[in-house]
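Got a structure for you, questions after.
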Amino acid sequence: MLRPVQVHLFASARQLVGQRTVRWTVPAGGLPAREIVAGLERRFPRLGPTLRVSRFLRNDRYLADLEETVRPGDEFAVHPPYGGG
Amino acid sequence: MLRPVQVHLFASARQLVGQRTVRWTVPAGGLPAREIVAGLERRFPRLGPTLRVSRFLRNDRYLADLEETVRPGDEFAVHPPYGGG
Amino acid sequence: MVVRLSRRSLSLAAVERRLRTARSGGVVLFAGRVRPDRADGRTTVALLYEADRAPALDRLRALEAEARRRFGARDVVLYHRLGRVRVGEVSVVVAAACAHRAQAFDAARYLIDELKATVPIWKEERARPARRPPRRPGRRAGRSAGSGRAR
Amino acid sequence: MVVRLSRRSLSLAAVERRLRTARSGGVVLFAGRVRPDRADGRTTVALLYEADRAPALDRLRALEAEARRRFGARDVVLYHRLGRVRVGEVSVVVAAACAHRAQAFDAARYLIDELKATVPIWKEERARPARRPPRRPGRRAGRSAGSGRAR
């Protein structure tokens, strides 16, 4: 049984979706990150504008690009623009 | 009896003269500050270079210029370049 | 070096203890506090801060290393509060100890600018409406024991 | 506002208490400490600070007014120690609380630069010679009980 990808949503992304974490099923060989992002927008259309200004991480590392493969059991994070301080 | 001017020397000026305060006799009508400064250099020749980079105060106020009159009983201060911090 | 994300409030005395490196001539510290005024006329009562903790700590440690490399910082403090921080409280502290003051100013400025732009921390406002009539000093006189603050 | 010349050591906690103005978004603080290293290879053990007290306080108050005028500083601390200050101790603190951080950085930088250049305070070094052999850990074993520090 394949473990899902855990998609962690922060700040405005979390508020728009109403959930902190979304489970995402991917095939055994994984998916390019851009397909996860596109899938999120299809499932949560209001998230679109936020996704276009967000950064993405796989297992706590920033993605080099959206072609990076996301595999079953990975953690995937959506970071809207930062606002600390 | 006329009170002397108290000339207060700070930092390198004090070290060169070896005294913190020097008494200076001026006539009842006072003297322009430049004559006090010239007199200090005559009396303490090693003080010359320091006097040329110092600022002067009369009664805790910076002199507008060296023509300002210094009167009996005044306090006159010699400030070499500052070095706080 | 101190890099910390914490729900607890921070005193400058704690920062001072961390910056006792005798060879550093200058320490510059920036403390950011929650301000009450908002552009829309409402009044902020608190900010809620959240972080993506592991990558945030990684970024803070990278900023510390960069401050050492670029500005010769000998000691660095990077501290951000998480959770609810009320108006007037300190939400963030950065500090850099360097041999000379110009470096320390540049390092502290770099650290707070980069922290705000590149560390995964977010804030959410808790505000109350504008022009709320002042409350009477006789407290809890009516039926409501509510504090009047947004949650 | 605090403008002070004092022989007593200063804690940042005391500065913090003075900067509790809730409306200020950013506080920048500079603390200058006595450094041991000298250009000539000797080692500073302490600095002796003196001031011409009345005009120094006048100048510090003028700097505070100027920081308010130019940078919108809402609270200012200007503190300088006098007398003997040992290596590693803080000799000067300036701090400015402003609505925004850029102003606070500019104000603090202005205050320390102007303090050094225009306030009648002077320092005199107390140093010991270069390349002194390290002292043995067995202290006061010989006939001399001297500390080896210059006075």
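Here the chain labels run A, B, C and D in written order, and each chain numbers its own residues starting at 1.
Operating definition for what follows: a residue touches a chain if its C-beta (ideal position, glycine included) is under 8 Å from a C-beta of that chain, and two chains touch if they have at least 3 such contacts.
Nothing here was measured: the structure is a model prediction, and the numbers come from that model.
Among the other chains, the CA centroid farthest from that of chain C is the one of B. Centre-to-centre separation of chain A and chain D, using mean CA positions: 50 Å. One inter-chain figure worth recording: chain B and chain D are separated by 28 Å, centre to centre, where each centre is the mean of the chain's CA atoms.
Of all residues in chain D, those touching 2 or more other chains are 32, 101, 112, listed in ascending order. Looking at chain B, one finds that residues 85 touch two or more other chains. Chains that are in contact with each other form these pairs: A-C, B-D, C-D. Only residues 11-13, 15-16, 20, 22-33, 35-37, 87-88, 99, 101, 104-105, 108-109, 112 of chain C touch chain D when the two sit together in their complex. Remark: chain A residues 8, 10-12, 57, 60-62, 77, 79-80, 82-85 touch chain C in the complex. Here chain C touches chain A in the complex through residues 32, 49-52, 54-55, 58, 80, 91-92, 112, 115-124, going by the rule given at the top.
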